[in-house]
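The data blocks that follow each hold one structure.
Below, chain A partners chain B and then partners chain C, in two separate complexes.
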Partner chain A sequence: MPLLEVKELSAYYITHVYGVERDVKAVDNITFSLEENEIMGLAGESGCGKSTLLKVLLSMIKPPLRVLAGEVNYSYDNKHFNLLTLDKKQLREVQWEDISYIPQGSMSTLNPVRKIRKTFEDVIKAHKTAEEKEEYEKLMEEHIKYLGLPLEVLDSYPHQLSGGMRQRTTIALATILKPKIIFADEPTTALDVIVQRGVIQMLKKLHKEQENTMLIVTHDMAVHANVADRIAVMYAGKLVEIAKKETLFTNPKHPYSQFLIRSLPKIGDKRQRISAPGNPPSLANPPSGCRFHPRCPYAKDICREHIPKFINYDKSHQVACFLYSDEIEEGEKIVSESIRS
Partner chain B sequence: MKVLKTYIIPRLIQYVVVVFIGITITFIVPRLTPIDPVQATINRLAAYGGTYMEPQAFESLQQTLKELYGLEGTLLEQYLAFWKHLFTFDLGPSLSMFPTPVMEIVLNSLPWTFFLLINTTLLSWIIGNILGGIAGYFKDKKWSDVLAVVAMSIYPIPYYVMALILVILFVYVFPIFPMMGGYSIGIRPSFSWSFILDVLHHSILPAISLIIIGMGWWFLSMRSMTSNVVAEDFVTYAEFAGLPKGKLLFSYVMRNGILPQITALGLQLGGIFNGAVITEVAFSYPGVGLLLKNAVTNGDFNMLMGITVLSIIAISTASLIIDLLYPLFDPRIRYR
Partner chain C sequence: MSQNLLEVKNLVKVFNIGGRIFGSKLKAVNNISFNIKGDNPEILAFAGETGSGKTTVARMILGLETPTSGEVIYKGNNITHIKKRNELMEYMKEVQPIFQNPFETFNPLKKVDSYLYETARNYNLANTKNEISKIIENSLKSVGLTLAEIEGRYPNELSGGQLQRVSVARALITKPALLIADEPVSMVDASLRMSIVNLFNELKVKYNVNVLYITHDLATAYYISDRIAIMLRGDVVEFGDVDKVMLLPLHPYTQMLIESVPQPDPEGTWKEEIKLSSLEVKEFSRLGCKFCERCPYSMKVCKEVEPPIVFKEGREVKCHLYAKEGVTTKVKI
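Then we have the complex of A and B:
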């Protein structure tokens, strides 16, 4: 059984302004699974719904975001549950302890007027009860040391740390309870390459020693090449391709993935890079049929009318494109009623 | 000490400069008016008496008045004399209660004003901020909106209207509270229970009026401050971490929202020195505000100057203290 299984998940931002309803289809009918001890990279351009997908997988759902359909099933340590059906108390038991999160833009994820040590204490106290203070201290200091951070970090305020240090502190905070699965949202964005390397090595070390599963979201293909086992490509709220890292880099199937890979610089190759023509679509009013068709050089009539099904191209390679199969996604999945209010 | 050099000393210098400039302006402004106070007084005397004055007596009267007003000699000499008097805490005699020194009268009124205003300012600050913080944190709840509407409708009521309504309600319609003064006529000020109770009884109505109006403002500003902080990443992240609601509200949300409120409190505490003029007039409360109003209506030049100078010093001192204490509340300031 996979550790995380996402089934036909749809989550929209639904807003009513002066009686006008506006839906932003940020996550639309997404299905995939994550095996234990696997690192998956989630790639896609800005505004394609990557962060929204993470929020739903973590059950950090606040209006106007609403989950309209689908399941998010976790199974580990003889526990099996659909995260979206848990109540608040049950959520508190799994969030952070088992399912943790490294947020985007760690510049503002730490309370500016609280010492890092206090923030760590707050988090530990929220999950571990009836333990001595010294035990927290020990746990904290060991974890900090283990991740190669100086102990002075604990007695600093966030503004006294550099951006990279803050990001690594956030990672330490997110992993202090040894979670089963970690979702990292753009962990290396806005850092210079040296610090990026430090952050990636830290994530790899955690993965190796805590044996956890990771889903790393970033638009930086170089990061994916470094850490991921498999890469999922997202475009305009839908998954378009999932493949092993090597396969995706050498033999991408979906035209969007092809553009993505072809746009990467290669040593010794001085030809001009080709990028996908046009601009990313608005998720409030996405194109009919395949959402990539207005920018796709291979677009056929069927692409304009129908949505391609996310099919198994081979055993470990899935793609949603009419170039490889004529299967149509079941109906225009009308998800009018919500399963959660 | 790096902190002393980079933080404290520049602020002390700034403080001295501000006080110096403020007092200099207080010195200059009255001298720019086209009215010659000496001549005006002589004219008034002449109008009352209407008798002919000998040139010699006129001369000496003019001299005495000039001395009284501090208008002897050249502008520079006047200015230096002004400072000399200030350093000996001599603000001259009051003109309407001649010859009692201004300093003595002000010092008599100060305890009344301080008692009323420090308590009401602190109370309205504390209650307003706590309510505002909670209402801002739960801004999606119905009751938060209800509270905001109540505060929004109280806050803009002109203060004198509020004071009058309270006086009419609780003095005439329901005669619970006395109408006038700081204590009952006929009672001698002393440290006895009956006197203290009498003072409290007299101060409740002015205090309530001040707290209601003050609280509305603190509530509204704190509510908007916290509702911004709630949307910050570190709050969302702490929520995900499963922190208890109370810790989230106080240590994460309100702790960050309160920072600008502390500055505002400091300035308001400094402003106490002026007294709450309208309150003290409306309730005939014997504080500095009433003194100021009487000085204006009686043309008590020295008293006005005295209160202005003292309030310049008080407000600057209050903001200096807040400035020096601020690093305790905001660690980002501490090491800069």
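Then we have the complex of A and C:
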């Protein structure tokens, strides 16, 4: 049984301001699963719903974001539950302890007026009750040392650390309780290449030694090539392709993934790179049918009218494109009818 | 002898941090010299990490920052001493900037096309509205847009890629000889990034525009540029032909940097571990080589004496390793 199973998940930002109704279809009918002890990379450009998907998987749902349909099933250590049906107390037991999160932009995640030590204490106190102070101090220092950070980090304020150090501290904070699954949102964006390499190294080490599962979200395909086992490509709120890393880089099936892979510049190779024509669509008013069809060189009539189903191309390769199958996705109608009921 | 288009001589910029008594000094740009010939248009890349001083170099060339010492000479005129308004206009007409974040360069309350009209009017390029529209239409055409597409639109109605194209079109209105592009693609969506990068190449070939391309993304720098300068904490550590510098780097820092660029290739993952420095700020005030703390070949002399610039294998390297004779083998990390 997979560790995480997402079934037909739809989450929209639904707003109603001054009589103007607006639905932003950020996550639309997404189905995938995550096996134990694997690293999955989630790729896609800005504004395609990657971060929203993470929010739903962590059950950090606040209006105007609403989950309209679908299940998020976790199963590990004889626990099986749908995260979206848990109440506040139950959520608190699993969040951070089993399901952890490395937020985007380490600049703004740490409290600027508290020392790092205090932030660590807060985390431990909230989850481990009735423990001696010395005990968690020890746990904290061991974890910091284990990740190769200097102990002085604990007694500094966030502004005293460089961007790379801050990012590594955030990772330390997210992994101190040895979670089962970690969601990392753009962990290396805005870091320098050498620091980026250090952070990736650290994530890999954690994965190897704590044997956890990771979902890493980033738009940088080169990072995926270095860490992920499988890669999922998202476009305008929908998953368009999931494949093993090697398969996706050598033999991408969806036209969008093909453009994405072929446009990557490489040192030592000066051949002309071409990016996809057109512009990414707005999620508030996505194109009908397949959302990539206005930019797709292979678009057919069926693409304009119907949404392609996310099918199994082969055992470990899934794709949503009419080039490979004529199956039409259902469920779109059901969701759009139930929005404002 | 033909005149250089742009000549930068011993450029230094020192920022004062803090007050007059307790403050400290930060040398953001340390003695940089380079030329752009101009007779054969080229793309010159400045690459480096955050805080290496690459943006400060660009700002000094644009005249937005006054150099502490050194000269920026454009077509024989020292631009740091330009006082007269019409001379300054003449210079600004020929050297145009493109900034990093297209969502910040445009005022969200102003229509996008108003920037184009303003630029045309400010430089007195034409007198009637029809003529101005024609100029704008032409420059938009060269970036692959039409006036109809952007007329009357606000920045939030356009995508990042389109806005960055408008930025480039605005810079092209005055028919500049040199574009200074500061991280022009870092905020553009992945699927559109290469179209902007290709645009610079097209401008170079079709319109004879020189581009100073400032970036931290070494992969696009390799893809597009003819020459490259690698910066580290205010120093240019290696400068030369892009194929030579990036495929056979000599300076230990360049070697480490290029080795660390993640390759979009599942085969080419990193094998060995690297050490990260925790003392990033302290490297600025170092007397000798700024890299000596992290360098695997660090010698005693590196800590004390600033390394000389050595010409070697068709490029400039700022490293003690090559200063002595006899060291000719390529070092490996």
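We adopt the following convention: the second predicted complex is superposed on the first by the 330 of 341 C-alpha atoms of A that agree within 3 Å, B and C clash if a C-alpha of one lies under 4 Å from a C-alpha of the other, contacts with A are read in each partner's own complex, and residues count from 1 in each chain.
One rule holds for everything that comes next: a contact is a pair of C-beta atoms (placed from the backbone, for glycine too) under 8 Å apart; a residue touches a chain by one contact, two chains touch by 3 or more.
Being a predicted model, the structure only gives us computed values, none of them experimental.
Engineer: Touch test for A:Ile181: chain B only (first), chain C only (second), both, or neither?
Structural biologist: neither
Engineer: Check whether A:Met140 is in contact with chain B, with chain C, with both or with neither, and answer first, second, both or neither.
Structural biologist: Touch partners of A:Met140: none, neither chain B nor chain C.
Engineer: So, A:His159: does it touch chain B (first), chain C (second), both, or neither?
Structural biologist: First partner only.
Engineer: For A:Leu283, decide between first (touching chain B), second (touching chain C), both and neither.
Structural biologist: Touch status of A:Leu283: no partner.
Engineer: Which of the two, chain B or chain C, is in touch with more residues of chain A?
Structural biologist: So, of the two partners, C touches more residues of chain A.
Engineer: Between chain B (first) and chain C (second), which, if any, makes contact with A:Val6: first, second, both or neither?
Structural biologist: A:Val6 contacts neither chain B nor chain C.
Engineer: For A:Asp192, decide between first (touching chain B), second (touching chain C), both and neither.
Structural biologist: second
Engineer: For A:Thr109, select first, second, both or neither according to whether it touches chain B, chain C, the two together, or no partner.
Structural biologist: first
Engineer: Shared contact residues on chain A, chain B side and chain C side combined as an intersection?
Structural biologist: none
Engineer: Name, in rising order, each residue of chain A that touches chain C in their complex.
Structural biologist: Residues 45-47, 150, 162-165, 192-198, 200-201, 219-223, 225-226, 245-246, 249, 256, 259-261, 263-268, 270, 272-276, 279-280 of chain A touch chain C in their complex.
Engineer: For a test of understanding, state which residues of chain C touch chain A in their complex under the given definition.
Structural biologist: Touching chain A: residues 49-50, 159-162, 189-195, 197-198, 216, 218-220, 222-223, 246-247, 256-258, 260-266, 268-270, 273-274, 276, 278, 280-281 of chain C.
Engineer: Which residues of chain B touch chain A once you look at their complex with the stated criterion?
Structural biologist: 232-234, 236-238, 240-244, 247, 251-252, 255-256, 259, 329-332, 335
Engineer: Hey, which residues of chain A end up touching chain B in the complex?
Structural biologist: Listed in rising order, the residues are 58, 60, 92, 95-96, 101, 103, 105, 108-115, 118, 122-123, 126-127, 157, 159-160.
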